[in-house]
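Only one structure is covered here, and it is reproduced in the block below.
Order of writing sets the chain letters: A, B, C, D, E and F. Residues in each chain are counted from 1.
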Amino acid sequence: MERVKTGIKGLDEMLHGGFLSQSANLVEGAPGTGKTTFGMQFIHTGITQFDEPGLIITFEEFSQQYYHDAAAFGWDFEKLEKEGKLKVIMTSPEVSRLDLESVGGMIETHTAKMGARRVLIDSITHFERLTQDPVELRALEYSFINGLKREGLTSLLTRESSALLGEASEADSGIAFMTDTYVLLRYVEIESTIRKALLVLKVRGSDHDKDIRQFEITDHGIEVQSKFEGREGIMSGNPRRMADSFVEAFVKR
Amino acid sequence: MERVKTGIKGLDEMLHGGFLSQSANLVEGAPGTGKTTFGMQFIHTGITQFDEPGLIITFEEFSQQYYHDAAAFGWDFEKLEKEGKLKVIMTSPEVSRLDLESVGGMIETHTAKMGARRVLIDSITHFERLTQDPVELRALEYSFINGLKREGLTSLLTRESSALLGEASEADSGIAFMTDTYVLLRYVEIESTIRKALLVLKVRGSDHDKDIRQFEITDHGIEVQSKFEGREGIMSGNPRRMADSFVEAFVKR
Amino acid sequence: MERVKTGIKGLDEMLHGGFLSQSANLVEGAPGTGKTTFGMQFIHTGITQFDEPGLIITFEEFSQQYYHDAAAFGWDFEKLEKEGKLKVIMTSPEVSRLDLESVGGMIETHTAKMGARRVLIDSITHFERLTQDPVELRALEYSFINGLKREGLTSLLTRESSALLGEASEADSGIAFMTDTYVLLRYVEIESTIRKALLVLKVRGSDHDKDIRQFEITDHGIEVQSKFEGREGIMSGNPRRMADSFVEAFVKR
Amino acid sequence: MERVKTGIKGLDEMLHGGFLSQSANLVEGAPGTGKTTFGMQFIHTGITQFDEPGLIITFEEFSQQYYHDAAAFGWDFEKLEKEGKLKVIMTSPEVSRLDLESVGGMIETHTAKMGARRVLIDSITHFERLTQDPVELRALEYSFINGLKREGLTSLLTRESSALLGEASEADSGIAFMTDTYVLLRYVEIESTIRKALLVLKVRGSDHDKDIRQFEITDHGIEVQSKFEGREGIMSGNPRRMADSFVEAFVKR
Amino acid sequence: MERVKTGIKGLDEMLHGGFLSQSANLVEGAPGTGKTTFGMQFIHTGITQFDEPGLIITFEEFSQQYYHDAAAFGWDFEKLEKEGKLKVIMTSPEVSRLDLESVGGMIETHTAKMGARRVLIDSITHFERLTQDPVELRALEYSFINGLKREGLTSLLTRESSALLGEASEADSGIAFMTDTYVLLRYVEIESTIRKALLVLKVRGSDHDKDIRQFEITDHGIEVQSKFEGREGIMSGNPRRMADSFVEAFVKR
Amino acid sequence: MERVKTGIKGLDEMLHGGFLSQSANLVEGAPGTGKTTFGMQFIHTGITQFDEPGLIITFEEFSQQYYHDAAAFGWDFEKLEKEGKLKVIMTSPEVSRLDLESVGGMIETHTAKMGARRVLIDSITHFERLTQDPVELRALEYSFINGLKREGLTSLLTRESSALLGEASEADSGIAFMTDTYVLLRYVEIESTIRKALLVLKVRGSDHDKDIRQFEITDHGIEVQSKFEGREGIMSGNPRRMADSFVEAFVKR
């Protein structure tokens, strides 16, 4: 099966090659966990390593913010946009959804003109604030996600998690049930320091690595590392040291 | 008593032979735990091993999605549908319920024409979003479940659980009180890896295996394995290592 | 004091002989814990061992479902109904309550005609869905329970608990404050297996066994066994192994 | 200071002699913990040991229920009522409150006629269901409690706690802030058995015993016993065995 | 900086001399923790030791209740009121707030006439029940607190905490953000006994002792004692014994 | 990249030099954790050490309160305001937001006139109380934060956390997703004393120290110290002592 590489060191191996082509991929995390960095790296990798132009659909931030944030990693988004390989579209959830349903809409037009293959939706959380009706929200998100697939795009959707440690209550829409991939970014407290954990919880139609791994945001983007050793309850954000070393200490004597 | 085999390795033994005939069977899990795979395997097993045609009633996904997802396991759903052994019906909860109450409805017609014996409802959760009134919801789900039984169908209902680890708050309808079987799929964190657990909590009118067992989604579908050893609190998703080995280490000396 | 035996092995001893005559007795549990089996066994025991005819008042299931479920234990409810020793009445909470308040109502008539002494209400939870007003709900349930007592019936009320492990939030009516007995059925996770626990929390006007005991649903109905050994926190559903054996191991040396 | 003895073995010592005269005393507990037994014993002790006639104001149960429940302890409430030493008044929260505010109301009349000194309010929880407005509820309860004091009565108010183990969320009225005494009855799980704990949390204007003690409901009423040994977290209902014995085992060697 | 001594043994040292002059000081606790005793001692100390007349503004209790409660500690509030050194004002939150905003209001008049320097507000919780609108509540409380400061008064505000053990959810007003001092009174379970803990969490503009200390209500008022030793999680109300002594037992051998 | 030093000892190192220029920086904490002290120190450092005039926008407190609070640290805010280097503006959330959107508004005028470079918003929490609509709130806060950036200001926003220990539920706006920096101030219970912890959770576009560090409020302002040693679960406020020393004690023997 064709794979769309994220370019994130360590992650493509976890995904057994990358995202599936034309899939919708959810990345969820608390503030500062690196969701937008993840998304920008996905887009930048596509353009610069695979000649796959990309779109960024944003419901809040301006182009300049992405230019600025990307620059910290040495990614020149302004130049890429001028070269026609990147397009940052600032819109609203409603407009973007309707746009996808009409012939010759903005997203379709840009996709066709640029030959775009990847899109970052930053963030899908903005949909969740639009309605209190879970049926409407679900339908809305479903039609949006499928509209992107119809355009031939592999999408990366960021989702804001309101809990700093542990699990946030999910919105009624159940967005994670609709996406092909579900990646969790989490804070973990270890020895009075906050580290970051990444977990691929779901890949539809493919096997994948189920380890809870540490990751860092370096000068070159996200780097996924080894899994946590000797800790229980990592996904709670507040892990316990396992008793192994203790037992071993006794047994080894 | 006649048994309807799921074809899931290890599960039919847990069920002492399979589901009961014309029963309603609930499978609940978080995103990515394998609910839909479970359901497709149940349908595929029926058609290919027992010559029992099957229906898939979906409230969201298109036929193509099932064709695609099934193909990952080597199951050719498109061919089966062309051969008249499978029918994927995309509808809404309201329509499907009313359909079952009328003579000559779509479900009745397809069941009769195909000689269908099994049905996958994917997912029953869509009913829960229809009304805030628990009396109405309960009646609605009850009449739907019984309508399927009247058609002579053994049904598999998937239910979305919004909690990733541990227990989600149940909907007011109490769907699990109405079904004959209640199977739980759960994520469990063990040594910085996420594993999957399966538990048969309830089989009406029959004994069954009560172990909490590990399972994997392989190239050939779901495979249920041995139970977890040396862990407490597995159903919380965040188990503790039991002190046994510790005690034994001391006692054995 | 006259006792009404449940016929459940081990339980009548816990109750110091059985339920009190003309009392209202609550049995609460999650799906699959065996509430309805408990109730059917109570009715079957009355008819076949003590010549006490019984009523089943159901707000959801049909007679056939009880016939079917009872048959799994070798209890022929259909025959008993034909012999006039059992009557399954399918009704609604409102109708049944009003019925009890009128002279010559259905319940009164059947009770008189059959000489009924026991009644299963399956389930009292259906009352809780009728109103959001806690004063109204309390009055409604209280008048229903007392109506049954006035008819000379010893009642068994099942109540659905929405939490699988641990404690569900109680409804505002506080039904357990109004019944004479309160029996809890609970799931308990022990060594990667789900076991069932039974606890008699309350018997008005009588002493009783306060142990948390294991029970099983066998071919012949419910059998209550010994209490759990060496575990703390059983009622949470997620017990901890106690440190005793650990200490003993050291001390014994 | 004058003390009003409850007659409950062990409790009067904890209270340094009993309740204060003309005080309002709250007893809170889950179903089956013995609130009503506590209240009946308080009334029975007054009449038979101190020649203090008593009232029972009930918002739900009939006289017969109290006669019946009291009989289990050898207390003949029916006879006491005939002798004019006890009066069971079945009323509603609204009526009883207004009654106390009017000259020559029912409570005043009975109190004067009988020379009543004690009153059981069973239960104050019925007030909490009357209004959603916390200001109104607080005022209502405050005026009721003070009305009883004005009549010269020492009152015992029972309150239903909806949580079986641990702490229930308190009603907005904050009734415990208004009463002179606050006694908690709790279930505690110890070695797979449910025991009962009693704690005097508050006595206005007097010192008192702060131990969490075990109690039992015997043939003669409530008996308060010694405190729990070697357990932490008793008030959670789910205590942990403390590590003391473990340490001692090592240290003593 | 000028300090206003509370007269509570041990507390003035924790406060590095006492409250700041003309500050607003919050004392929060569950029923029976001693909030009102704290407040009365603050007022009594002012009058009898520092010749600072005091006001008590109450939204529920009558003067007589304070006379009675104070008498238990040997404080003659009735006499102090007759001597013009104490004034108990029973009013409502609305009236008291408007009063402070008008020239020549009751509080201003009494303050001027008596030369009052201290005021007890018992309790500020009554404000929280007045409105569901957090903006209005915050403004209301803020203007009330500042009105007291404008009168030159050092205020002590009691606040009811609805949780018996651990932390209650705070009201939306965030009263603790507006006061200069925040003192917490808490119940703590230690070896099957309930003890009381005091913690000064905040003093605006001054250093202070941050220990969690035990305190008792003696015949002479509140006495703050040493901190808890060898316990973790005291503020949860349900502390764990720390492993120190255990380790030491091994290491010392 | 240009850095804006906070002047807080230890923090500028954690931030790898300070805040980013023209960034929005969130500081969140419970009452008494030192949010306003943090903000005043940020402003005072700017004026006195870097000749960067500053604004304080307050939605509740008067200038005098800041003069008074700052004086405790030896910072003469009144003098700085007279010298035109500081301006305290008391306003409302609505007015301040509209002000930023109009040409020649108050904030723009003061910024221009003074050459202001820094601004303290005390507190952003007041925005959260304005509307129940999360879309409106998010837009409102976003436009306010960006308005400050457009004026060339580096902003420090304080946010009130209602939980004393552990994590408060975040407002629907998700303010922390919009700011460039997110600093948490937390209470931590250690050996019966409350200490304070500081954590920089997020810095957009820059690496930073991820340690959970102790801090104190001294006579000279905030001082950040070393991280916590030998504790797990610090961010819960209720840490556990880690088993290390225990294991080492055994192993070292």
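The criterion applied here is as follows: contacts are C-beta pairs under 8 Å (C-beta built on N, C-alpha and C of every residue); 3 or more make two chains touch, one makes a residue touch a chain.
For clarity, every value in this text was computed on a predicted model and none was experimentally measured.
For the touching copies chain A and chain B, the fraction of interface residue numbers used by both falls below half; the interface is of the different-residue type.
Between chain D and chain E, the superposing rotation on Cα atoms measures out at 60°, rounded to the nearest 5. Averaged C-alpha coordinates give centres for chain D and chain F that are 50 Å from one another.
Chain F has its Cα centroid 29 Å from the Cα centroid of chain A. Multi-chain contact residues, meaning those touching two or more other chains, occur in chain D at positions 240, 243, 246, 250. The touch graph of the protein chains shown is a ring with every node of degree two.
By the touch criterion stated above, chain E contacts chain D in their complex at residues 30-32, 60, 68-69, 71-72, 125, 129-130, 160, 162-165, 187, 189, 191-195, 217, 219, 237-241, 243, 245-246, 249-250. The touching residues of chain F, when paired with chain A in their complex, are 134-135, 138, 142, 167, 169-170, 172, 174, 176-178, 182, 184, 199, 201-207, 210-213, 227-229, 231-236, 240, 242-244, 246-247, 250-251.
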